[in-house]
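Pasting in a structure now, in structure tokens, and then I'll have a few things to ask.
Each chain carries a letter (A, B, C, D, E, F, G and H) given by its place in the written order, and its residues are counted from 1.
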Amino acid sequence: MELTVYLAGQIHDTWREDVKKKAKEKNLPLVFVAPQTNHERSDNIGEEILGKQPGNLYKDGAASDINNFRTQVLMQKSDIVIALFGEKYKQWNTAMDASTAIAMNKPTIIIRPESLIHPLKELSNKANVTVETVDQALDVIRYLFE
Amino acid sequence: MELTVYLAGQIHDTWREDVKKKAKEKNLPLVFVAPQTNHERSDNIGEEILGKQPGNLYKDGAASDINNFRTQVLMQKSDIVIALFGEKYKQWNTAMDASTAIAMNKPTIIIRPESLIHPLKELSNKANVTVETVDQALDVIRYLFE
Amino acid sequence: MELTVYLAGQIHDTWREDVKKKAKEKNLPLVFVAPQTNHERSDNIGEEILGKQPGNLYKDGAASDINNFRTQVLMQKSDIVIALFGEKYKQWNTAMDASTAIAMNKPTIIIRPESLIHPLKELSNKANVTVETVDQALDVIRYLFE
Amino acid sequence: MELTVYLAGQIHDTWREDVKKKAKEKNLPLVFVAPQTNHERSDNIGEEILGKQPGNLYKDGAASDINNFRTQVLMQKSDIVIALFGEKYKQWNTAMDASTAIAMNKPTIIIRPESLIHPLKELSNKANVTVETVDQALDVIRYLFE
Amino acid sequence: MELTVYLAGQIHDTWREDVKKKAKEKNLPLVFVAPQTNHERSDNIGEEILGKQPGNLYKDGAASDINNFRTQVLMQKSDIVIALFGEKYKQWNTAMDASTAIAMNKPTIIIRPESLIHPLKELSNKANVTVETVDQALDVIRYLFE
Amino acid sequence: MELTVYLAGQIHDTWREDVKKKAKEKNLPLVFVAPQTNHERSDNIGEEILGKQPGNLYKDGAASDINNFRTQVLMQKSDIVIALFGEKYKQWNTAMDASTAIAMNKPTIIIRPESLIHPLKELSNKANVTVETVDQALDVIRYLFE
Amino acid sequence: MELTVYLAGQIHDTWREDVKKKAKEKNLPLVFVAPQTNHERSDNIGEEILGKQPGNLYKDGAASDINNFRTQVLMQKSDIVIALFGEKYKQWNTAMDASTAIAMNKPTIIIRPESLIHPLKELSNKANVTVETVDQALDVIRYLFE
Amino acid sequence: MELTVYLAGQIHDTWREDVKKKAKEKNLPLVFVAPQTNHERSDNIGEEILGKQPGNLYKDGAASDINNFRTQVLMQKSDIVIALFGEKYKQWNTAMDASTAIAMNKPTIIIRPESLIHPLKELSNKANVTVETVDQALDVIRYLFE
């Protein structure tokens, strides 16, 4: 039973590569999908496809059309969602993706540092499991195959 | 990850062949489905299967039974819907298919010329992305695979 | 049993007033809701609330945000949808509203002139009933109360 | 037609009172519901009902159980959701409530300052309308009653 | 708590009057809705509203459009469905209405004579309760109010 | 694109074999599923698995548990439903299966002789297409692959 | 805003009266619904309406038809479900009602003694809130109205 | 047609091995999934992944997060649910899983000894089929393939 896992969360470091490498080491039969992780590409995709926009509001509107299209296709294909929150940034897309996944009945794991317990308490409460590390998240998924 | 794409829209030129050719050139792993594109066949399918009808209203009723059956089967199998509007014709089936796709939570791309911005504004607003060319629509889908 | 009826369709003549007047004459316990029927207000509502936009595409985008908000609230409150198509205009909003209503399992009546039988055949086929006049549409609803 | 409006967002100033006062001035037939706006009460509600917990993680877990219960009951009763983002705080509950509302097909308005255009771009894109002030949000709702 | 009850079933005798009279005697707070019970009216409604049709197939098609519209509106408004099968007639509409109600999660009671146990066994099995008389059906509903 | 087709309808002749043979001749990529067509087995399956029951009502109850289990599993796996009505028998299971399929948004074809136009008019009206012969039903499905 | 609360749970003591009395004391605008709490009536309702059955299995089958009908009607009408588990009895109906409520997205509160923490841990985890006393459950609901 | 079967129920004996062995002997094309059957692992999984918790309530909370995650993933992948109740234990997870499966429209078979007819009567009534032995449950499934 191969499962598809959507990796929601910040796109500023290489945590997704870490997840994939560790999943491979643990021999977990997982396929990973994710938002565009090239930040510049993600911000510019609207103008790159639709052409120059008349200001930042419109540039952001065009980019978000296409980023949301991507997320909707890939999340609908997923069996599990992992959402990672880090210490920096507003990360509203992570909160949005996790909340949407939960509303779609996608089993959802949140990874967040201890420092974020309080501001994430209601979202953690709605997710299935909240952990602090990538290893713990993969341990939760590995448990499926025991 | 192979995706199935429903190509809604006018059946008066060969835009679907253009989509397929370009998708192949871009090596996109897509399977395309569509309404019956032989216009005469589409108009006559009711009488061809059910026999001569007593007037155009009934001929059209019989044809639409079977065309709607086709669309329902194929759209349910699709991951993505592209709806193309051209300059001519009323194209209410295109509007119907795009609206139905959106209501079914199918990620949807509209292709329309600049001249149709105004009359399509509410439908464009509900779709995920609106573009002007087939190339742009395929660029949006290619972005999924980056 | 009072029923709420959404009146989708062109906003260029006073057909909705005709519906309301005739419903009153027939003593039907109906409440009517509808899109914004002041065409200019509907086109400008985006800029009137959000301020001047940098071009028609963006003006239309802003207006459609608010028009779609209105339609979504009011259609969710409705028990029945009547969608009227006239001889003129592209009327894609009418096709969109009727298709959305059908996808939401709202019982739907289409009113269209005989001249539109052919281009509307698939949408008519998905609606519950298609008639040619406002009187016929109200007769269909009156039948509910017999 | 009286409508119920859920007011999601930060609980650190009195913006909800502002909404209510202005809605009253505009004679809008609206009933407002909201999360617990007494911040201390919201943080302590778990321990106040369930008793002392063994640390902050557990105190937060207990509080979020009850806060999420409240939100679920009240949002299910709502016809419209307004979500206000301010300049400060992480506001993940606001993002969560707006995303959940959108996934539940609740018509949703986001209020955010210009400075948050970029980090909120994908969520704004999924909402029906995004505005910058309470007055604009109420203008959008007033448009329903025209 | 007032409940609305849809009375599906044959329209050839006055069983619905019997239900209403007995419900009144038992002081049950029920509102009843039903298909058109004037058989001739039900068969002719299509032609009466839409005009003369070119043969029985088309006359029946027109009538069923309007009868199905009626059923859909009224069943969506109902809390409970009672479906009565008698000894005569094919009663496929009764089977259709009961099956649709069950698929819509409407609590459903079937009334059928002992002679129909065998042909109705799968449908009875899917309904909540199967009884033999109107009195028993009302006893089941009265039990709600104990 | 291989499609699964559920063949609802009477189990008293070999029409399903006819469907399968003709589908093969037409090279249609279809997999067929169906209710138990051994009538005796279908009637006795409850007692054969659960043991002797205290009378026909209970024997029928036990059989219908298992027949409905079968139908639910197989219909959920199907892309299309064909429901055939013949001249004889009450065929309430056929009406139930067709109605359930329609309520589940399964594209549905009804096959019925001309003599049954009138009693099946409302159900035909809700199905996608109604035809008179197996060949016509397969022609409708073949149209999907053109 | 008046809310309807379904009180699932054992029917062997008078805890529901306690809930109602306390809700009244706290002036909470709640309407309560519940299963049949006369145990004998609940066990015999099948035979009382449908007549003597040939053994306990069939007597229980008849009773459960009618008890499940009651629960389905009343739970669909409810905004909130409270499920109380006591120290005695298997209470599978309580577990069934709570699980069904959660799957229907009904906000759900479990009341259980400390001794049942372990066996109820997975169900508690899926409910919104778990408390130990009726007073705590009502405090959770009262929090809605603050 | 290969089917996936979720085996809900007690984890104190080896009944699942019995099911798998017998399914193999009968050549049934079934894949089985199940909760964690190592009882100690199931109870400790929370602490094993998330670390030591401050008491049994919290240890159980952590374990149930992960056990419910597992069940949600695997049940969503299943075509059929078998729920076995034995003579011992409270088995509320079995009742929860069966009820959830039924609410998700998963075809469900209950296996229970004769002694549990009465306390399980309402849940049995909602399941598709109730049997007493593993062999009977597999006979029900084998019937699908006849």
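What we mean here is this: a residue touches a chain if its C-beta (ideal position, glycine included) is under 8 Å from a C-beta of that chain, and two chains touch if they have at least 3 such contacts.
Just so it is clear, the model here is predicted, and its values are computed rather than measured.
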Check your understanding: What is the touch distance from chain A to chain E, in steps?
Key -> 2
Exercise for review: If you tally contacting C-beta pairs, which comes out ahead, F-H or D-H? Let me know.
Suggested key: F-H
Practice item. Tell me, please, which chain's centre (mean of its C-alpha atoms) is farthest from the centre of chain E? Key: A
Exercise for review: Provide the C-alpha centroid distance between chain D and chain E, rounded to the nearest whole angstrom.
Suggested key: 44
Practice item. Express in whole angstrom the distance between the two chain centres, defined as the mean CA positions of chain C and chain H. Key: 50
Check your understanding: Taking each chain's centre as its mean C-alpha position, how far apart are chain E and chain F in Å?
Key -> 23
Review point. Which residues does chain F have that touch at least 2 chains other than itself?
Key: 61, 65, 68
Check your understanding: Tell me, which pairs of chains are in touch?
Key -> A-B, A-C, A-D, A-H, B-C, B-E, B-F, C-D, C-E, D-G, D-H, E-F, E-G, F-G, F-H, G-H
Exercise for review: Note which residues of chain G are touching chain E in the complex, please.
Suggested key: 31, 33, 36, 38, 41, 45, 48-50, 65-66, 68-70, 72-74, 76-77
**Study point:** Contact set on chain F toward chain B in their complex
**Key:** 1, 3, 79-80, 105, 107, 109, 128-131, 136, 139-140, 143-144, 146
Point to revise | Residues on chain F engaged by chain E in the complex (per definition of touch) | key: 56-57, 60-61, 63-65, 67-68, 71, 89-93, 95-96, 98-100, 102-104, 117-126
Check your understanding: Where on chain H does chain D make contact in their complex?
Key -> 54-55, 58, 61
